[in-house]
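Following: one structure in structure tokens, then a few remarks.
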């Protein structure tokens, strides 16, 4: 019997568009889904480019006006992978049109936008999801399992960093991710949002935060031209950087745990260093995205004299998601976190269950982002 | 203008069949190939299973008799991913039928078979390739580049291991990989072959070897039943293990370098530990498949007082293959080595250039395997 | 010609007393000092125990009243290795007596004490030193050299942790280190002080801080008995923990860099995890006390395509201090940081030069500790 | 009551002399020995230098003729730390004089010498010890304990390397360690001997070996002058290198295990890389001298889904030797392996028990060295 087909319309075709497209294409190859995933329409403003991307990524149709995608009765899911300044408008329209809304993070450029989006999907009663994809790394999901089984005991600490260096050169140009009106924020929404989500996923809600956002390089060459093969090119003219280069904060969690969080694009040598450690009364874990197939795990329950942090290769058949891919020790990569997320999402969608993480997770995340921003301005702790 | 379509017929649908299928499906998504890759036919003996696999993996047609695939005029490439005892017959027939022959390693179960296969493809003049996929890991290809640029200087040493533990339990049953008449050998052809290929790729030809093959557990329960979801199941009856559990050898290379090689399925805790180190007069490198996106590199040319092994994340845009995937620090996985291999293979096929590695590499590899086996029997060094 | 003898009187004979004694005994064996170091007197309140310790550690005389040591005209240097509540009184008396004052950190239990101590040594004009021994690890001193040579460029970030787990068990008893009136503070003065010192040594002065001190386990069994061979023993009665179990803060430095600092005794699995990372515009370094002979170093100046964090073994003849010990690759340990500190101290003492780090460093350190404590109370940023 | 004093005479004052001296000086400081260790006499041919060394290292007397040391009735233990060509003569004379004989490894330059030495100490019935110091690293001793407790089960594999690079530069001069008549062999006796000893200690006796010794650089500049501060200096004249630059072999052990062993001074980037891995049916261990305070341990008995190699910090109070030094996480160094060895040696000496490792261990080691050398000449397996 043929499976029901769920048609997706994807808005945005750059980095996230490529990663999402791959995941839609691959998810049914590795997971036995209850539905067929239809790659119906790819949408972008530049027709030539979106057409080329659609062919490369395997989309059936293209569109240059996102409103037409949202209105298309053949389409069931709207995936929003644009820069942040378009999220709210699209999401609200999609919800009103009765579509499932799958949205990139952070969901809005402001807390107000995020709240409006949440209200829209709640009112419309449409399924919704947010691409906090790192939850879906097998090692992260294994940590969730260990915590739920009580293997870590009472959680005392989380310390998380997300460090990159791609703009450490002061001559790197003023791309859209460095403009507040497009991107909303800099490292804060882009990468702090990821470690905030991990904290919420694993430890629960934040109670209060104190932090700072900082911009090391306050003006940069304007972009003269974008050339897909060469990256952004700097012009002679300078413009103001309106987002943060680094963002860090301390946190107390509602469960009594303490946290430190730091994001930076000025950590020279760190490429995609998303790393966190959690210490509980019975054990600790350490995860690093760049070695995403491994988990460091220390158990206080191990025999005296032989305790130590173990490197678990989270590639065994009974580890979360791992059994769908390759034999133990044959690693998966970054792109598979999206595949896993969609596998869960389409399964729950088909079964009428809420997807996790969803818009509510996106909203709570944004509340933490917002609280840290306010703390940075007021130089005080902010309660959530 | 539409690209020319190259149709593939894949024989075998288990582990390697799944990995190859994924690569055929994905290669055109990440690489701008001069041809279109057609996933024409998947072939296996069990019709129900091959049909299910074809649907999962995206093949257009199925077949249960490999001869029909070889004879099908629509098919251009025969991919041989069966157990080793079928390789020679299929490859020779495919070559005679004028097909390009893409073959899993080791190409034959004996040196005689490998020579016959090589003769067949040479005589037929058909394009050919061997799936020594680890050459195509970005880090391995980067080592090749460093050596060619002289960065390592004169090579003195290579030490390589390929360690697993999946049969360390004596009750693990006598699956086909432990039967000489099907698999040809145990660790030797299965995993030693990989590190031998790396050595040939990076250092050139072997000169002489001395080694041993050893079987720790000489009888095991017969397989009573294979259940895809449960793995092999042991019966009460015992059978003889006719292949090696471990194989190790010392080598002299024609260029004067020395090597040590060890493969084992009894290295408890090692899952897929394919690791090698190369020491040259100007520098050294270390690679480990389980951390395949990283390369350890020591340069004697670094400033005094700050020398040390560096961990290069081989995920930068100008690293081999890496630019086709994700931004720096966003890792790829095991499956991508096959995609990279096919990208090279189809490009060369389209341009009428020899593919690398090819059947000749497969044959030379088998000569080393054979020499080590003879050395194990005669307890003497064997010249190549 | 015989060297001049400098006589030391050491007050305190427990952990720090043992480490200092070893350093006095060994320093002249590895370094060609301009003076002879005399291990004149060991002082402690329990005569039997101090006598035994003196014999074990190689002291010529014992004393139970520290005032007699301070007054002894034969003694040149007073080393204060007692719990913190005695530091100020001894240091001030020693300074008044014209002795050189070598003091454990943190120098006082309060900022007021530290200021009084500083005033005393300044007024007396006596040489003085503080045991911020980790500066003297070869790798830390190498970082200092790299920074001074400009190898790291402009410093953007420091992130430092000092994590232990020895009191994570809630039944661990209320030893003196958990009593504010004796120890002054918990993790904050004990281990945060170390990473604060590293920051001052490598980045310069702090500008402002915001932080928190937290006590996870607020009451513990009283100590019923101390038995040297068994450690502290818990009684049935409970007492209040009056110090912090964890202390963390954010910092801005006067040079514009940002910092995060965290100390905890509740990081299960972390034994002595003193680790920091510094990111500058031209390079980054990472150091971990538990692997103290290694330094991770990333240089932006390395050739494109081969950049990565290098593991330097800081055991080469021209690395700081290392040439005094063993050939490259033969590591030294924790105790050698004290030997190196004394080598510098006695050399400078003999040459009439200021010792580094000195009481002023101790005082500045205490100002940071104090600012963080005040921030924890006021929940606001505190300027230094 | 005063302890009995055991007087030592140490012949040789270079690298090993310095390490042994430190150990004699320190052993009683960290261990509560049943005897007092007397540093009676240091012996070397150059009077000025030996006098300076004696002062630096703490020896009471000096001597330039080793025969006088051997004949001195005040001396109880003769420690032989000269180049290998003097070992046999001194050891035999010392045994005849009724002295305890503590000898550096390899005990002789040939098997014949080693046998004569063994015969001499056996006939004289004198206590004897060999400085296979790495057995006394806490982590190595912990592995011994784990094996004895059955934690590793049946041992299948050992793979060991000892890699250095100090002569990889072809212009490095022809020092005594590169001259067969002085040193006996190159890497083989110097560093292969260490990993052979570890194998015997942990796995038991070798059964048969096949191997090769190789010299990459066959002639080098003669040493024109030795300057203590500058190291060896090269002259214009060239001389023949008469020892091996690298030595590698395969082994079968009497217990059925297999081994690979490799020593090299041409492993560029490797400073003192003494590393081994042992795989047994229930677990595996990995140790690396350069991180000597750590042990990697994998236990098959860990809970499914959380298995992995653990990094044990072998610095806990109940780990072998570790409790005599510093609190957990405060590492010890290379020199402490000698202190531990002497602690065991003097304890057993005082109690009239055999010391371990002893001359018999030295002899068995030499039998393996000799077998590999013969195998290298005959190109055949050699039975032990």
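First chain written, first letter: the chains are A, B, C and D, and each begins at residue 1.
Simple rule for what comes next: a contact is a pair of C-beta atoms (placed from the backbone, for glycine too) under 8 Å apart; a residue touches a chain by one contact, two chains touch by 3 or more.
Please read all numbers here as calculations on a predicted model, not as lab measurements.
When the C-beta contacts at C-D and at A-D are tallied, the pair with the greater total is C-D. When every chain is reduced to the mean of its CA atoms, the largest separation from chain C belongs to B. In whole angstrom, the spacing between the mean C-alpha positions of chain A and chain D is 54. Distance between chain centres (mean CA atoms), chain C to chain D: 35 Å. Across the assembly, chain A contributes 307-309, 313 as residues in contact with two or more other chains.
Looking at the complex, you find that chain A touches chain D at residues 142, 146, 151, 295, 297, 299, 302, 304-313, 316, 318-319.
Residues 156-157, 159, 161, 163, 165, 168, 210-212, 214, 216, 246, 248-250, 252, 256, 258, 260, 262, 264, 266-270, 277, 279-284, 298, 300, 307-309, 379-381 of chain A are the ones touching chain C in the complex. Those residues of chain D lying in contact with chain C across their complex are 15, 19, 22, 25-26, 29, 56-58, 164, 166, 271-273, 289-293, 313, 315, 325-336.
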